[in-house]
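Notes for the one structure printed next.
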Amino acid sequence: MRHTSIPDVQASPSNIKYRITRVGIKGMKKLVYVKRPGSSEIIALPTEIDMFVDLPASQKGSHMSRNVELAADLVEISRKRPVDALENLCASLVKKLLERHDYATFAEVRARADYFLEKEGLSGRREEEPYKLIAEARGERDGGVRKLIGVEVIGMTACPCAMEVVRALLGKEEGMIPTHNQRNTTTLMIEVPEDADVEANDLIEIVESSFSSPTYGILKRKEEGEVVIRAHENPRFVEDVVRDVLNKVVERYRDLPDDTMVIVRSESEESIHKYNAFAERVTTLGELRR
Amino acid sequence: MRHTSIPDVQASPSNIKYRITRVGIKGMKKLVYVKRPGSSEIIALPTEIDMFVDLPASQKGSHMSRNVELAADLVEISRKRPVDALENLCASLVKKLLERHDYATFAEVRARADYFLEKEGLSGRREEEPYKLIAEARGERDGGVRKLIGVEVIGMTACPCAMEVVRALLGKEEGMIPTHNQRNTTTLMIEVPEDADVEANDLIEIVESSFSSPTYGILKRKEEGEVVIRAHENPRFVEDVVRDVLNKVVERYRDLPDDTMVIVRSESEESIHKYNAFAERVTTLGELRR
Amino acid sequence: MRHTSIPDVQASPSNIKYRITRVGIKGMKKLVYVKRPGSSEIIALPTEIDMFVDLPASQKGSHMSRNVELAADLVEISRKRPVDALENLCASLVKKLLERHDYATFAEVRARADYFLEKEGLSGRREEEPYKLIAEARGERDGGVRKLIGVEVIGMTACPCAMEVVRALLGKEEGMIPTHNQRNTTTLMIEVPEDADVEANDLIEIVESSFSSPTYGILKRKEEGEVVIRAHENPRFVEDVVRDVLNKVVERYRDLPDDTMVIVRSESEESIHKYNAFAERVTTLGELRR
Amino acid sequence: MRHTSIPDVQASPSNIKYRITRVGIKGMKKLVYVKRPGSSEIIALPTEIDMFVDLPASQKGSHMSRNVELAADLVEISRKRPVDALENLCASLVKKLLERHDYATFAEVRARADYFLEKEGLSGRREEEPYKLIAEARGERDGGVRKLIGVEVIGMTACPCAMEVVRALLGKEEGMIPTHNQRNTTTLMIEVPEDADVEANDLIEIVESSFSSPTYGILKRKEEGEVVIRAHENPRFVEDVVRDVLNKVVERYRDLPDDTMVIVRSESEESIHKYNAFAERVTTLGELRR
């Protein structure tokens, strides 16, 4: 083909002069290679990535293909030198976005990946349980980059209210009382300061120990019974799950600063209703410490 | 605009000569007006419709816009003269599809709608509970049209196995024993012969009475306890739900012929696992009567 | 049953003393009856509702069943006296939530409904096109209630950049040039001040006229060509769609105050990529007027 | 805990005597390690697995925990000795299911995995593109096991009909004419006979070359133009995509027997409509060869 001057329509002036808060791509799938400090294992995370910058009122469009190239560059590098954390990949992308989009004052990257963690089941057998990793980073041109790491964990809640009502209806003082229980999905996200380290596996541990009971892939009959008993010994509202997670976060991360963001969300697929129960706390470590 | 001869690319011969089993549209949303025989109420069902015909090896394409026009015609008519059943709308569409696509030997229409049914709750208060209606019709050019009506119902199952294991672990002989319970979604579809009538509301009643317990929008504390107690008095596997539905179908539809298709599917969002339990029976009334 | 004192576990003191930002129910389905001022038509909207309040650190749980009862009450009333707008139902629910949960300082209600609007197609034939209505209301105990109404609209975008690149590659100066085009979903939400009125149908009109072309259920062959031509005469980035919507909002709602919230989001299912393009502006009318 | 006899409720006789067609688990997530013959690379596939057997009328329940254990066993083995194909894992699971459920006469396993394949883009740069792998196996106790491997691929279709209509409306004889184009998802599944080998990468190649154009993660501006041009040089209905895939399957798999099952499905997210276009062929190689 002849030498052609390829037009750059995005760079032309905009007709309608309004700033755009976020412009970019959603749902790009990439295989990201991660190797945690202290671990010898390289894991390949199938990751869904969103990447945004802002756009000044004066410019027609954002060069989205640059987002894709930047992601492909870093992901390719990760094949040889695995990244040490998904949130650090997001933070690097934020910095690169601000370099490549010189008109942008803000950049944001979100990533979501399937993640498997080997855990010991009730029978002592080790098995890989499925989770989701969530990472985010946000940066301003004239400021630093803030990054968060999070996990989405499935567990079980047993309702303390229905348990006491059933106890009253049955006229029983003692013993283990039935209640409704259900699948619960709880998300914990925590900000990771520049020179700090937060292990996703620790977050999973914090959430999983805050349910009425964790759940398992493999459960033999006796172990199924044990999970039911444990859940009924620890009946919990979604509010209780959120608070227990918050409590453990405060204890575990004493060294993180007061302005560290913490987000906890818990949603139960109520067995006795067709809708879900939900609780959420969006806060900082400082507020929690007061 | 000048008189233009609009080309009909679909009608041109195909280069690669293979028959197409199904070709058409998926996910068209329409508001369908329904009035059941014997009822004075007209309900407007927001309905998602799929419409397919087959295509002979010799022809390049199917005229999908005809599908859309046919649906729009019948739906428009339903605004003045409501259809008496969603499956009859599907059957009419199948006949029209075979008329308008003279090259087709087969036609299929599926519809899925949000549906609300007023029911009496445990407190005696009447409330609208949400369901899904599912209708299908299939026809061959040289044969009749077969049609099905179905419902998707959410309820609650309590596990009979874990209950007995917990009983053994607790060393109890008597009394109400905890078990894991969860949200279950069960679908029942049944063929409706040409001159027969099957009420979707009856199908909902059949499914809802086959769970460990139905679930409700409004439950005061005492009623929550009653639902839990009822569920624990009726522990059921997904297999039990399917069989109970089948049993009631056989009893309720004694007049329907042996070749009437029956499909039952039950899926439980297991509270103690991260995956679902599932059971299904695809059969005919004749097989069930044996 | 004997007289039983039904325990109120929610009202008991919490062991772990953290405030909960939001607690309540998600995904409750209700049929809401709406009649717009000036219209004689009552429409039944199948609506999915979320309802939240906050919870003080001192109290164990929120009484979620009150949320459900409140919704059922208002929805039941709407069967006899239809609500005049979905956002007003949300605002009423916010007020009732603050009354019934005397420990709450904040309440939030979100609703999402299937909505059909009759429009004239290119052939002059009138047809119902599908949309989504979105309504929200938020209130503080010692402040007013703010409410938003929004619409989600599907249309078509054609890429202006690829069009110019193709023009250069083909070495053509004139004529209609191909480009990639795709399905786009755009959401517009706008705050409705206490004594103002915003018509959802106007919002639909604003969004639909901001695409490269609206899309239609019924299109005969000639009309398909006309839609393609219109889209290629109006190539637009997602950024352009957002800005065009903002521009029309500023023009249409001159009477609304400066602090009126406006949110526009546009997402294109890029035909040449496996991921989506996205643009968003979250702002106020005041900022837009500057 | 004392020695307890753990009850086996599933093994007890059923009260309601109907056979169950399929009973088992859905949506279990596992990380499966695969190493293709001839390749040195081990890939870890995050896989969603469904496992079913049938259940005789006489028995109350199926022992679903055995399904989970069998899957965990084979997946654990795959960590040391990677499986050579996902469909072979399914076939092994079918055989194990029939062994462990001695009451079953039928077993079925389905698996679905995220999959990334490195491909050369238009600029010569290699990049990993995302796909889905689908595998199935079905077996009867007194017969063999049939297994299928499949791929789900995203690409682009440009409509040949609207192109010709636009040509007529514009009164042009020559040159490249705009049309509507969109994201298309096409699935190809093919049976793999016992002693044969079908490469998923070949299936991806077959599907990807049957679109109007493949799509890419990274496209610089010039390459975006080239994709648009290629798509407009190859306008295709969903019917055309299905037939082109079938043609390539017949050519590529001359050695496979006549009873080899072939399934092709193609769905376009029509840019000019709010619903999708769909075509499907379910057939055998023998039928296609006639």
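As written, the chains take the letters A, B, C and D, and residue 1 is the first residue of each chain.
Assume a contact is a pair of C-beta atoms (placed from the backbone, for glycine too) under 8 Å apart; a residue touches a chain by one contact, two chains touch by 3 or more.
Being a predicted model, the structure only gives us computed values, none of them experimental.
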{"item": "Chains touching both chain B and chain D", "value": "A, C"}
{"item": "Farthest chain relative to chain A (centres taken as mean CA coordinates)", "value": "B"}
{"item": "Chain B and chain C: spacing of chain centres that average the CA atoms, whole Å", "value": "29"}
{"item": "Distance between chain centroids, defined by C-alpha means - chain A, chain C (Å)", "value": "26"}
{"item": "Chain centre separation in whole Å, for chain B relative to chain A (CA means)", "value": "36"}
{"item": "In chain A, residues with contacts to at least two other chains", "value": "4, 6-8, 28-29, 68, 130, 161, 165, 168-169, 217, 219, 221-222, 224-225, 273-275"}
{"item": "Interface residues, chain B side, partner chain C - complex", "value": "4, 6-8, 28-31, 43-44, 46, 65, 68-69, 72, 75-76, 114, 116, 125, 127-128, 130, 217-222, 224-225"}
{"item": "Chain A to chain C touching residues, read off their complex", "value": "1-2, 4-10, 14-29, 50, 52, 55, 60-62, 64, 68, 160-161, 164-165, 167-169, 171, 237-240, 242-244, 246-247, 267, 273-283, 288"}
{"item": "Complex contact set, residues of chain A against chain B", "value": "129-130, 154, 156, 159, 161-162, 165-166, 168-170, 172, 175-183, 213, 215-217, 219, 221-222, 224-229, 231-232, 269-275"}
